[in-house]
Amino acid sequence: MSAELFEATKRWGRWGEDDERGALNLLTPERVARAASLVREGVTVPCGRPLATAPAVDNPMPALHHMIHAGDLAVGAKGFDWSGDFIGVAFHGNSVSHVDALCHVFVDGQMYNGAPASEVTSGGARRSSIDVADSGIVGRGVLLDIPRLRGVDWLEPGDAIRSDELDATGVTVEEGDIVLVHTGRDRRRDRHGAWNSYVDGLAGLDAECARWLYDKDPAVLGADGVSDVMPGSDPEWPIPIHMCALVGMGIHLLDNLRLDLLADACAERGRSEFLFVVAPLQIGGGTGSPVNPIAIL
Amino acid sequence: MSAELFEATKRWGRWGEDDERGALNLLTPERVARAASLVREGVTVPCGRPLATAPAVDNPMPALHHMIHAGDLAVGAKGFDWSGDFIGVAFHGNSVSHVDALCHVFVDGQMYNGAPASEVTSGGARRSSIDVADSGIVGRGVLLDIPRLRGVDWLEPGDAIRSDELDATGVTVEEGDIVLVHTGRDRRRDRHGAWNSYVDGLAGLDAECARWLYDKDPAVLGADGVSDVMPGSDPEWPIPIHMCALVGMGIHLLDNLRLDLLADACAERGRSEFLFVVAPLQIGGGTGSPVNPIAIL
Amino acid sequence: MSAELFEATKRWGRWGEDDERGALNLLTPERVARAASLVREGVTVPCGRPLATAPAVDNPMPALHHMIHAGDLAVGAKGFDWSGDFIGVAFHGNSVSHVDALCHVFVDGQMYNGAPASEVTSGGARRSSIDVADSGIVGRGVLLDIPRLRGVDWLEPGDAIRSDELDATGVTVEEGDIVLVHTGRDRRRDRHGAWNSYVDGLAGLDAECARWLYDKDPAVLGADGVSDVMPGSDPEWPIPIHMCALVGMGIHLLDNLRLDLLADACAERGRSEFLFVVAPLQIGGGTGSPVNPIAIL
Amino acid sequence: MSAELFEATKRWGRWGEDDERGALNLLTPERVARAASLVREGVTVPCGRPLATAPAVDNPMPALHHMIHAGDLAVGAKGFDWSGDFIGVAFHGNSVSHVDALCHVFVDGQMYNGAPASEVTSGGARRSSIDVADSGIVGRGVLLDIPRLRGVDWLEPGDAIRSDELDATGVTVEEGDIVLVHTGRDRRRDRHGAWNSYVDGLAGLDAECARWLYDKDPAVLGADGVSDVMPGSDPEWPIPIHMCALVGMGIHLLDNLRLDLLADACAERGRSEFLFVVAPLQIGGGTGSPVNPIAIL
């Protein structure tokens, strides 16, 4: 059934055979300007998680953060001295807030628009790398707050969200929006501690939501999990939302966001839309970037 | 004289003895909202440089970008496959676009607000780390385009900019602004190739501009170089703008921006102000972060 | 009691107040030559573990191994092409085979020979770094095979070995030896899979073995665990063998060796002594090095 | 002509079609035992260079050495504390002492024994990786001291050594030897400072020495440069010794050794043979390893 979904929602060629940007094409200057006009109070809300450098059950590949010059070398120094550090991160996975480039996933050896997997070499991606988002990803963000809809604090790992729930939030999703789905992941983690999301899963969208994405036509999809409900139900289509969105529809994904602060800020104000800014690092040939997206209300 | 400058422009205690945010305190919601209202066309302009992973004369510590799973592992695969990478970077220096946290520089063993250098350990900074900017740095950006003022394409390495030139640009700088100084660095590099900025220098602000900063009271200062003219003239105060801004006034700095695209976009439109968004990664205890700031016109 | 042990076995000043090599001084050319004469068959046995790059319950900080140029860039190439990789590792901990420099551990703020902890800065160690072993650690190795003594395949995690057992192996330990203690760790791991050694522990030497070390006077101590039994019994002296050996006696330690192959090779031949060669990387100011020691029988 | 050389010296199939070890097969236990018998005085001489972590003209990709816990976190601590570090290195190139696995180089898309380049993926090498040397590379080392032969302190960058000079050293090279060629590189660097070896070259073997290698049949070849004279003379065969040795003959290479200490030790004693031990890290699927080989005289 996922294969059918994939074919039914595929939009290769929509912006030309050579297009590498996919639905980012929907982020026209007009839409950006309109999104900026949504700012009322000027409150900024971070939607990235702290870079996880400590080993933990939900962080099998901790990011590196090492000091290369600390205050111990400056103690007693007269005049100028400095401190500095090194960071390193394999950002994909279930921990680090990041954006997925369209080259991050392949279906049957092809990425978005039919480019072959062989275009992603050990030297980097030659097609649909994160370079296409160098100018930032800026637009109207909308928050779909599922725990709020359900009257709970959070969804349990493995809990699947269906498209009728997305509609039931009452939030109008427009073409070219940056759609953010809140599942309450970080609230649960704060309360009960970390869990192994690779084994025990994450709340997220059921595969059938691919059709909803096709109909709503957003520019970008993000979640505090990885958009897909985990674990998936079909071993051959383990993350169907990733597969349909990135490969079929050319929709960039934002994984492992922190959305509890935004959910609170929206609930407090009775709002669900805002200016949303993502600024990927300019990693030439990269398959994505760690990011700290900012919502401005 | 730099020591006098430092004392004359020092603002410790302005926001309380325990303050770690410095002039970021000027980025009030009101100012953020007003900055958002500057957006007219919705054009986004990237102000970060491509992450420099290749060894070059101006890049003595290349960033790491390594594929951990490329298309070669997906060729011929049925169904799902993926690609992913690792990035690593010691972002301070003269190459990578980054924001300096207030703990990055010490004067006589002290950082901003008098905190001792010993608060920055090999485990990270316990005071004034980049954490204070987790919610992003958002405000009114203004571009001071010095090559345009002088009628040249770029300033030469080592060329010092004085405060009367900053005024002569005609751009009104207001309290709480994010001030960006363009010297044409990347234009020169595009035309003539890389040079060793550690030896041959960078165009930038003369030390006396510290007083101008004190008077104008911006929230943040950025440049396509490192704000300071390099090399400096006083071995004991090698980077007086860094020392006065970060340590004395609590002004975060943006180093090694790419401002030629922004200069062109502004010149074309006869503008010099815009919404400016910086989204540092949430590096706990970090002395800064690589960034790709976005100007929205 | 550990504090007493520490004082009773401390040998600061033995090779002069400025000495940074500790018991490596026992590895005289005469001893090296005699050790070489132990080689009979010319069989080489590796005593390092494979560098653990995969996340696992016993590997909270996986080593990095990333290709920077793989065959995918060479496919179809005429003439010359190449492949290459990057490795990165924080080698201390309970997984990677490594040698501990004498600066790796402090007791009451002091390392071996009384040098202050402040000599190990964020720029590296200025005293007793691994540099002192640049010429290699070569000598007579002796294997104390505790599972063989006990008639079991392996010791259980947390199982403490006492000094009378070390003697009961019948192996004569001489001054200047490289003493290796086999607990069967990798056999157990091969059979039952990985366990979290930070929680569930490792077999190793009871604290009282410090006195045995003092009496036997080896040049180096190594084990397939971390020499100390884990978890320790005294929170203030969590790893008393490390503390007494590295800090008090100046004995370098080899942690996380793989000794099952060597145990088999020795048992098969009725031997327990051999030429043993450790070749630390020349990491200036380093607190140790990943190593792959080689026994030659 | 290099293509002819390659074909003339190719030894694919010598140890079977599936062999991945090449000339390491010559390092039989008998040879290892005989090599151990060469030890007389027990003097150990390091043949690795210090890991180069500082940017320099001959080090475009400096190794990473970062403290993750330094003495600054232990100052004032009672009882136990520790220090530790991270190292990271892309070890191929002209700076770091390393061993090349047979999968490091391809000729016409093939590595040693005809395995296709596609066997080296972004996940590591599936054929002839450095794993084949897990047990160490141990044998009779012989030093060919070319500066001594010529009566100079060092050879100049770009200086080619021909096979008749190798013979003229008077050193008898036997089947299965580990042959080390000294060019005086580190002496020159100590005296005159670093130079850009990628531009200005390195002294090394002329292409025709491939035939000499074929005739002498060593197990391993090493040099204080990269064995090949640099720059090469044929753009299509830029490093013919690498190509013929690694790919054609299955001879592992040791690059960027430090041989001045060994040259002095040999000259002083009128010796040219010794026990030689290389202990590569067990990097699964790796294309080589940083090493610090030890000569024992």
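By written order: A, B, C and D. Residues from 1 in each chain.
One rule holds for everything that comes next: a contact is a pair of C-beta atoms (placed from the backbone, for glycine too) under 8 Å apart; a residue touches a chain by one contact, two chains touch by 3 or more.
This is a predicted model, so every value here is computed, not measured.
S.K.: Check every other chain and keep only those touching both chain B and chain D; list them.
M.R.: Joint contacts, listed by label: A, C.
S.K.: Higher C-beta contact count, A-C or A-D?
M.R.: A-C
S.K.: Same or different for chain C and chain D, when you check if over half of the residue numbers at their contact belong to both copies?
M.R.: same
S.K.: With chain centres taken as the means of their Cα atoms, state the distance from chain A to chain D in Å.
M.R.: Each chain reduced to its C-alpha mean, chain A and chain D end up 45 Å apart.
S.K.: Per the centroid of Cα atoms for each chain, what is the distance between chain C and chain D, given in Å?
M.R.: That pair's centroid distance is 26 Å.
S.K.: Touching two or more other chains, which residues of chain C qualify?
M.R.: Residues 64, 67-68, 70-72, 86, 88, 90, 118, 121-123.
S.K.: Touching residues of chain C toward chain A in the complex: what are they?
M.R.: Touch list, chain C to chain A: 55, 60-62, 64, 67-70, 72-73, 88, 90, 118, 121-123.
S.K.: Quick check on the complex: what are the chain D residues that touch chain A?
M.R.: 64, 66-68, 70-72, 86, 88, 121-122
S.K.: Show me the residue ranges of chain C that touch chain D in the complex, using the header's touch definition.
M.R.: 28-37, 39-46, 48-51, 53, 64-65, 67-68, 70-72, 74-92, 97, 103-109, 116-125, 134-136, 138, 236-239, 243, 275, 277-294, 296
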